[in-house]
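Next up: the structures, one after another.
Each of the next two complexes has chain A plus one other chain: chain B in the first, chain C in the second.
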Partner chain A sequence: MTNLNRTAREEQIQRGLAKRYRAEKRFQLYGAMAIIFGLMCVALLFTDIISKGYKAFQQTYIQLEVTYDAEILGITDLSDQNQVSLGDFQGIVKVGLKNRFPEVTGRKAKRELYGLISNGAGYTLRDRLVANPALLNTTETLWLVADDDIDTYYKSVGSAEGAFTGRMSEQRQDWVDQLAQSGSVEMRLNRNFFTHGDSREPELAGIRGAAMGSLLTLIITISLSFPIGVAAAVYLEEFAPSNRWTDLIEVNINNLAAVPSIIFGLLGLAIFINFFHVPRSVPVVGGLVLTLMTLPTIIISSRAAIKAVPPSIREAAIGVGASPMQVVLHHVLPLAMPGMLTGAIIGMAQALGETAPLLMIGMVAFIVDVPGGFTDPSTVLPVQIFLWADSPERAFVEKTSAAIMVLLAFLILMNTLAVVLRKRLERRW
Partner chain B sequence: MNMAVDMPTELLQPKEEKMETTYPENSIGVPLIENPKMSMRNVDVFYGDKQAIYNVNVDIGKNEVIAMIGPSGCGKSTFLRSINRMNDTVESCRVSGQLTLDGEDIYSAKMDPVALRAKVGMVFQKPNPFPKTIYDNVAYGPRLHGLASRRAEMDEIVELSLTRAGLWVEVKDRLDQPGTGLSGGQQQRLCIARAIAISPEVILMDEPCSALDPIATAKIEELIAELSQNYTIAIVTHSMQQAARVSNRTAYFHLGHLVEVNETEKVFTAPEHQLTEAYITGRFG
Partner chain C sequence: MQITNLLIVLLGLSAIAFYLARGRSVTLAQPLGGIRHLHSLPFFYGMRAAIWCALPSLALLAVWLLFDEHIISTLLLGGLPEGQQPTSAAEHNLLLNSIENIASGALSAEASEPSLVAAAEVLKSLRGTAQNLVTATVLSLAVIGMGWGWVKVSPKLRARQQVERVFKGLLLTCACVAIITTLGILLSVLFESYRFFQAVPASEFLFGTEWSPQMAIRSDQVGSSGSFGAIPLFVGTLLISFIAMLVAVPAGLMSAIYLAEYAGPKVRGFAKPTLEILAGIPTVVYGFFAALTVAPFLRNVGEGVGLEVSSESALAAGLVMGVMIIPFISSLADDVINAVPQSMRDGSLGLGATRSETIKKVIFPAALPGIVGGVLLAVSRAIGETMIVVMAAGLAAKLTANPLDTVTTVTVQIVTLLVGDQEFDSPKTLAAFALGLMLFVVTLVLNFIALRVVKKYREQYD
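Moving on to the complex of A and B:
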């Protein structure tokens, strides 16, 4: 009788067990599906960006024979800086093109012909002459940067969608094809992209200015927000009495973390620029605004890191006669540092990708020069992406994607740094 | 709804409260002695509105080991932590009454809590070595107070402290290894070494063996006996056997009241108060 009951009960349990395992399998499946969906989205995003952007790292160059004709250049004395910098170097490029296609006549046709080579080619020639004055009145064969229309056309020849002609007349296409057949057109690494600032000419536009701007802005941000944030967190966690005021401060810090970033831009505009007269469009003001924005993140993560330090360590230190400040400096801060650094770097990554507040303080300006200091006008990577995405030239599409790749590379680098730092500093005993 | 509110208070009411509610006006036995190292008079401790210690009067003699026993939540740890002002770190905690060390008021404005803790060391319930090397754990206190000017002096202090804590032989070859890598009993002896490295006059021990196995416990108890030659020790313990083994006098706390203080032997063989008797015979606790 009891035996019978027992088997019945066991069977019941077995049935229930099977059901429970099935439910668990289903549950795991949901999780796996969510992860797969997320990874697919990321993969899609990356493929799209990379497929559009990789071409920007290459640039079409045209081989041309140019003569440094002193007469055309208008240079009589090479030591005269002024003469050299005013020299008509673009003129000798035009002569070179005319010699290459002697059959071209008529003003309109000639203008189209001159458009094969970028306006920036003249600067290349000038730099070569300055570096080597012996070149004057000699002839050399050079690879010169092609115009962006040519670049876009040449890159699209033979692609699945067919050649993109855009603003290219048939005659120009013909010239390019001729040049290509004679081996005078080549794809080369696009140095300009890494060494130049912004430009209206896509073939001359580079990421350097924006990258430097981002770097300078982030230096200001980290050097202000980390010490201030850590000091605030330490005070709130270790020294502040718990009363209505500290409660109020805590609530407000949490609220600030959720404020839309553009509000911080408006605040920066009103306070730093209009009241304190900090110059607009410069890394200093950008850094200040981003400091305001990242402070709540850093304070919250630092407080969490400090809270995670076991109270027994604090008691031990107090017990042997450490003063409250010594407890913090000798024990709490070293133990909380990995967490605080991680929070800071994640805050920095957030600041690196921030666009909206910087629009309000003028960092959206078109700036050609690479900034060299904290008070030089500059822009930042995400704003540069925004600017390029807005530009009409077809060649800026790939530049935009390439700039996104650069920004993502920086973000991944910073997040990796955060992980490495945490692993390094974490005490495993 | 009502029940949910009423339940906890009912649970909080200890059974023994119903069976026995009279506390002696003054603690029974010999709470006060001549030439005490420390003396506590009319000590009340509050956590916010809640009173944890009621009018405690007791003396601790020089080189004496005094054990504090009593059921959980009776306030013995709270009282111990008042002696070196560890309770200062608890914001809601308030201590009133007079506590003196060598005749000096511990809670007076003149007394610096940091200086006080250099004289009154503490060993905690759970071994809590710093996440540093064994050497640095012991050297931390002397370094704080500037007790050694040269490396050799510090080495001497570390060796002496570890020797006194009975740990030197076990760790002398691995002083540069983390203190947290030791076994529980070794960690606790390291904590004792850390406490005695600053040559305190009084050592407070808050259930130092509660996280240890019997062998480690025996070692610590031996150590207490040795240390008592040089130090005054107040030890809170849950184990009556331990109190009986290590202490000269025993104080029995009950719900914040110091019921009875007497020679340890007397407390365990002939307790005078009913509550003490009930506790040591195991009727509650």
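Moving on to the complex of A and C:
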């Protein structure tokens, strides 16, 4: 009787055990699936962006024979700045195209033909002529930047989805194919992308202006937020009496770290721009807003770095007669510096990727010129990405992805630097 | 002198003050038998003089910069003839602007009124005088401070204490920047929201169900009265945040559990930093991804199964936002799970529980407050997230709970209302600040509760 009971119970336990083990396996599987999901998202994001953007680093160029005809250009004297800037350089491109395809007649067809070459080609020719005045009235064979429609079409020929002919008439496709057959179309490194500011023409648009804007903004941010953040951290860790005021400061810092970034944009708009009348769209305002935004991050990481310095060092310094201030400046700060720098770099990476608050303070303007100073109107890389993502031209999709790749490269660089710095300089006590 | 030049000169002067006072302290100490007879190190005497040179003059400069525009414009408008005195605030600004433009040459002087041209001349001369005046005062104050610092050097002077007190004051000021920032945020949103609530009653804003922030140019225009009921925005925000949480909480929590309890050091060493990458990607990149990849994909899938999916669906924005929040939740959860004492795990395993039972019945309840805190922080992040929704969610304020439909959020509306040129007296722009106030208050409350919960829990096992 008892024997029977025991086997029945054992069986029950065995069955329960099997069930429990299955549950265990299932639970572990869920965990693995969550990890795999996360990793897949990373992989998907990167492949999506790289596959969309890698082509933007190349640009279609068309070879063309152009004559610097003084008559068409309307230039008699090359030293006259006015004449040179008014010169019809696009006109000699048109003549060049007309000579290449002499069979084209009719206004509409001609206009389509002229659209093969980018509007920016004229500037290239002007620069060449100014650099070498002897070229006037001579003929040259040059590679000129193709229009963005041509670029998109030429890049998509032979791809898996087939050629993208959205804005290309049959005739234009035919011309491009003819040019390609005679070896007059070539893919080259897209220099414009790295040397130009923004443009309405995708083939001329570049990230130089935005990158400079980001650099200027970050210089302001780091030169304000690092000293202020470190000073605040030193005060809170080393000098602050434990009273209500200190508590208030601490609660404030922790809360500010979690305030949505767009709120800092509202602050910048209301205080800096409306109250103090700082001009809009300039790196100074952007830098100020980002300073306030990154400050909590820097304070929190600096405090952690100061905390990690063992008290014995402080006591030893006090023992040989250092004042509290000397203890901090001569001993604690140098030892905590690697940790603080790491925090600062991470804060800067956060500031570099931030978009929303900068939209509020007008850094979304369409700015062609590369900013040269802290008070020049400018935009920053993430905002440029936002602006391009909104543009209807298909060619901007690849530009946007390429700009994202550049931005991510910078971010990865900064984070790697932070990790390396931490590994090499941080001391374990 | 330009402000930047003035600052450089001040820096130079304080450096000179430093060297002079330090030298004097050393010279004074010589007859006494070396610097050990001084109260403080020569460095502190020098610093003291430098501080006396720089601080008062910098303070004066700051005060001047705060008020100069106001003083100049008052003087300028006071000098205008009787008939041209501005009568309203708008006219005041207009007048100032045109004078400014004439002075800078943006408006040609010939085409403008002679009185304004004269005023522009006055403005130029006032600015010149002001600049000379401020340069002279600041520099003389600096020189006086330098002299004072130099004269007072004596072996008995407690220079170190004085310098350190000033230094500590500076540190405190830096620490207070956080409070000033919070105050600045509060004041700016409160002030503008107050002006908004004067035009639109708060009850309409909080409980109205129709959002179309239009302001009529003519009174007989179609749809002339804008409506500012923010309920659709709140619902949209909550819908997207809810979808994001549906993705982020299970994925984040399970990956934290797996990494903390199951994964070997190799998997952990690879998966953890890789997941952290997600946290470092700028939100504008997620926005681009949501708008150009996820949304079209969802639409195609929807078409395939016969569902109508909007191209700016809440689902796309919410999914991508959830992915963004995964590492946030997983790293917070990882921390709290690791903080659960090993003895509790060992006890449970020793009683014969499987690992998953230990996690579900012992570790999870112990870590629950911390996890709840982390989730609350994540919710506040989702609510305040801007770029993803600006790029991937719509503008139409629909009151719907259908995730396939297009909704708009509080942050999207703030951005659309404030980007571009705007005047600051229309309810349309002020509405953005009222929305900002709501956002700030809600996230503040969430953060406050979350931080409290996390902190309270951490104290238990430490």
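Criterion: the second predicted complex is superposed on the first by the 386 of 429 C-alpha atoms of A that agree within 3 Å, B and C clash if a C-alpha of one lies under 4 Å from a C-alpha of the other, contacts with A are read in each partner's own complex, and residues count from 1 in each chain.
The rule is short, and it goes like this: a contact is a pair of C-beta atoms (placed from the backbone, for glycine too) under 8 Å apart; a residue touches a chain by one contact, two chains touch by 3 or more.
Only a predicted model underlies this, so the values are computations on that prediction, with no experimental measurement involved.
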Quiz item: Overlaying the two complexes on chain A, which is it for chain B and chain C: clash or fit?
Solution: fit
Quiz item: With the two structures laid over each other on chain A, which partner does A:127 touch: chain B (first), chain C (second), both, or neither?
Solution: neither
Exercise. Figure out whether A:313 sits in contact with chain B (first) or chain C (second), or with both, or with neither.
Key: first
Exercise. Name the contact category of A:140: first (chain B only), second (chain C only), both, or neither.
Key: neither
Quiz item: Where does A:335 make contact in the superposed view: on chain B (first), on chain C (second), on both, or on neither?
Solution: first
Quiz item: Touching A:242 in the superposition: chain B (first), chain C (second), both, neither?
Solution: first
Quiz item: Now for A:323: first (chain B), second (chain C), both, or neither, which partner does it touch?
Solution: both
Quiz item: Which chain makes contact with more of the residues of chain A, chain B or else chain C?
Solution: C
Practice problem: May I ask you to decide whether A:386 touches chain B, chain C, both, or neither, giving the answer as first, second, both or neither? | Solution: second
Practice problem: Would you give the minimum C-alpha distance from chain B to chain C, in Å, for the three-chain superposition? | Solution: 7
Quiz prompt | Set of chain A residues, in rising order, touched by both chain B and chain C | solution = 323
Quiz item: Residues of chain B touching chain A in their complex?
Solution: 84, 86, 89, 91, 114-115, 117-118, 121-124, 126, 128-131, 140-141, 144-145, 178-181, 191, 194-195, 197-198
Practice problem: Spell out the residues on chain C that touch chain A in their complex, using ranges where they run on. | Solution: 69, 160, 164, 167-168, 170-172, 174-179, 181-182, 184-185, 188-189, 191-192, 250-255, 257-259, 261-263, 267, 271, 274-275, 277-278, 280-285, 287-289, 291-293, 323, 326-327, 330, 354-357, 359-360, 377, 380-381, 383-387, 390-391, 411, 414-415, 418-419, 424, 432-433, 436, 439-440, 443-444, 447-448, 450-451
Quiz item: Any idea which chain A residues touch chain C in the complex?
Solution: 20-21, 23-24, 26-28, 30-35, 37-39, 41-42, 45, 48-49, 52, 227-229, 231-232, 234-236, 239-240, 248-249, 251-256, 258-264, 266-267, 269-271, 274, 277, 292, 295-296, 299, 323-325, 349, 352-356, 359-360, 364, 382-383, 385-386, 389-390, 397, 400-401, 404, 407-408, 411, 415
Quiz item: Across the complex, what residues on chain A touch chain B?
Solution: 241-242, 310, 312-323, 326, 330-331, 335, 427, 429
